């Protein structure tokens, strides 16, 4: 059964130096607060996995937490580049990072395999692209019935998956709705999982389009109101597009990035204090 | 886009002698009315696929419509045997049928592969069982990353899948909720699909736990109120358990079965007339 | 070597902690509470589940009939409750009355989460999230293999049974399997006519050689008592008998040369609390 | 052989039936309606979609930016409307305003169905249900291959780009691909530094040899005009220019030795109806 913990305690307990972590969220419900806490606790040598690493992974990479990135699309959606990610890949700053690169379809198949207890997933994918030459994690497999050649990718089974959800009950059952991305698969594929939520309620009432992740497959639930900001939680907040735009300027320059992390993440104690520090309101 | 047709017209158009058909429903939402219409139209040599062939498949088999059955569990849930199925397998009555037998997990993986455009599915399954000796549709496959041996099963891609759902809108978008079984996969795996519904409405409103199958992946929508009876449609009807029990007596004996089919299916014009004939009310 | 009482798994469950306060000698004896052999099997199965749930092994894959009754009884008697998972897609069901079928609407309405049938087999069973699976069948052999496919030969069966359903993968994957079956010479056979669900196969090491991940049949609950596998030979041994049953009766009703554990003892009598809870459940 | 006008796909769409009633000579010319090159690309892409939807090829996999704007404009201009599918899991989205990101809540709220990210790639894209995919990138080569991974070498990139995202499988599987990109010497290259998305590979027959199921890039819409693949050589040829653009301009802005179709003509001027609908959409 999931324990209800502070985010600080949950990160300290489940994210270790060298851990393989997945923080998923497909534009919606991105666990920003948890990313900050990892930076605050100075975790190092993480293998960070995510289909769409965006701002929070840019922060982790720039802060030196990540030694390997497995991903399929790394950008600031609607804005442009992830400057810290680019600086790491192009200039090895703050240090070299290894990358393992896939397509969305391949990453999705890998999470599904991981959640299903299978060592690999099968898809029609990557054929004819140069991606296949850059990693040993894309192989061909023959259909035993038709002899057709397809593509196999290895399961993803993170040490810890971290997601943000709308709410949980006091027993740690987690409910999310709206765009669900690959979050359920990420949790089910992981050895441990942390879920930050907007709200903890006495009883979860059904929501159209909603899913419940039962408490017994979750390790920790942490109450972090607005913890997806500048991403959003449908029903609780809206995406802060201007924050995404402003990230471009902050991250473009190493000094301004370092300063920002120092002032707003390392210099704050938790997400509330971060929010006050950058001047965002927890309420929308 | 789905056309709104009478069930008679839809079956005539999409179910041909020799077709491979899947009529899915996992206790809930079983398309009984559609099965009756197939018997009424005297279709022959069908390859009938279903995870849980129950009463309606017993009727199809006994009525001589089926030359091959692919399945994973054939019984009358909570009651006992399917006598027509047994009589066909044990005594070749009314004629011999071929069987292709799987487990639920394997059938589910086959539908998922079919819905996904893959030629096969992979699972941890069948290992050590005698099922593997009885069909060429269970093979081993090696993980290209770990060399682990797993099981492969071929995709199911029926000519027609038939399901029952709660409702559709006038454009043919289909909505179902409650236990969803493998119905969405059956529809998405098929070359054509027929959906019988309790109700056709102007606009589908969201339902907790509900899914919508868009009109453009459905061939025909047919209004057949109570068309799952004696199965049920959550929100519209309850399972008629006594009807399932009474089936045991009707089907046990060839003569009583033949008489029943003659009187209540062949001797009726549609599901309403069938319902009157057997004395069930369309309203619960 | 025959199990010593200390090694026997039932030592763990014959005195579930939560009912320790009830006097063990209190047997239900009012005429309204006549204890049937079904009741005996249900109550003893519920006790096992209660003990497993107390040990944190709470996720239970349930079929309709005695297993469902036992699991729901355990939910009423023990804390923590076992988590009930039905193959129809219901996770964490808390039915207020006994479901009549695996697809009973009551199961969906009272579940934490309802998922598709493919998902219940991939993300939940195959992924190793099920601690306990219940199985039964037409034949059980001395190595705990189960036949639910055919009596006689596959091609010319004397009796065609319903088939595999979810059983092969439950048998392979669940943390442990509890078998509930009436103990008769016809059902408890030296070797199954057909191996639908793999127990210990041909004996020691066979599961391991096949790479099966689950623990296999750890306990067989019958109308006469309890059998458990000898940890060295994997052969099922009578380790417990219900009140009034003799060793001779057990041997007579078993088709293989049954061994009686030297420390065999009598199952604790059904308590008033147990039978009252059961009757309440059955009349709900 | 250069395309003759009769063979060219654009013949199908340069005069969409539904706008035929609008005088072709009506060009939007009020100062409030200055037509930007983005507008030109959007309107021309919308016209293609309108024609494809009229031909029953309506399911369109959309990314944010120009493709999303074009697809939503087509929804407002044409009947039948294209069906919009976003990789965030939204099927049949009907946003009332332009989504700011692929995960905009407006997309989920106005969709027929919202599914998980794994499902959008398996049941929908991979299964061949997508008629049209939009792609863009940093480089496009003469065979329609696209680079969105790196400029320079993979190991020491000059510019690290966001990566593949959903593109490789859209390029492989969609019925046809529409590319929208600004035509510059830097972007329109003889050979991509990295092949992220496969167009026609090294030329004729390459897609077929790889067994790709989709039709590949059938049309490239630029700020200067339109390119289409020569059906014999698969090389992209300029088949259409926007008003005021010269062949020399097209050649100058293309990094390979661009061929101009002998029957090249000018794109129909943007009509008032088109630009008004676009402005309305942009200000919604």
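The first chain written gets the first letter, and so on, giving A, B, C and D; residue counts start at 1 in each chain.
Keep in mind that, in the parts below, a contact is a pair of C-beta atoms (placed from the backbone, for glycine too) under 8 Å apart; a residue touches a chain by one contact, two chains touch by 3 or more.
Small disclaimer: the values here were computed from a predicted structure and weren't measured.
Trainee: Which pair wins on C-beta contacts, A-D or B-D?
Mentor: Looking at A-D and B-D side by side, A-D shows more C-beta contacts.
Trainee: Which chain lies the greatest distance away from subunit C when centres are computed from Cα atoms alone?
Mentor: Here the answer is chain D, farthest from subunit C.
Trainee: Can you compute the centre-to-centre distance for subunit A and subunit C, using the mean CA position of each chain? Integer Å is fine.
Mentor: 41
Trainee: For subunit A and subunit D, what's the span in angstrom between their mean Cα positions?
Mentor: 30
Trainee: For subunit A, give me the residues that contact two or more of the other chains.
Mentor: Subunit A, residues with two or more chain partners: 112, 117-118, 123-124, 148, 185, 209.
Trainee: For subunit D, write out the residues touching at least two other chains, lowest number first.
Mentor: In subunit D, the residues touching two or more other chains are 122, 126.
Trainee: Would you please name all pairs of chains that touch?
Mentor: After working through each pair, the chains in contact turn out to be A-B, A-C, A-D, B-C, B-D.
Trainee: Using the touch definition up top, name the residues of subunit A that touch subunit C in the complex.
Mentor: Those residues of subunit A that touch subunit C are 1, 112, 115-118, 173, 185, 188, 211-214, 216-217.
Trainee: Show which residues of subunit D lie in contact with subunit A when the two form their complex.
Mentor: Interface residues on the subunit D side: 64-65, 87-90, 100-105, 107-108, 114-118, 121-122, 125-126, 149, 154, 157-160, 162-169, 172-173, 194-198, 201, 206-207, 210-213.
Trainee: Help me check something: in the complex, which residues belonging to subunit A touch subunit B?
Mentor: By the definition above, subunit A touches subunit B via 117-120, 122-124, 137, 139-141, 143-146, 148, 150, 152, 154, 206-210.
Trainee: Okay, in this complex, where on subunit C does subunit A touch?
Mentor: Interface residues on subunit C, with respect to subunit A: 58-59, 80, 83, 91-92, 112-113, 122-123, 126-129.
Trainee: In the complex, go through subunit A and note every residue touching subunit D.
Mentor: 26-28, 51-52, 71-75, 77-78, 81-82, 85-86, 89-90, 101-105, 108-109, 111-112, 123-131, 134, 148-149, 178-182, 184-185, 209, 231-232, 234, 238-239, 241
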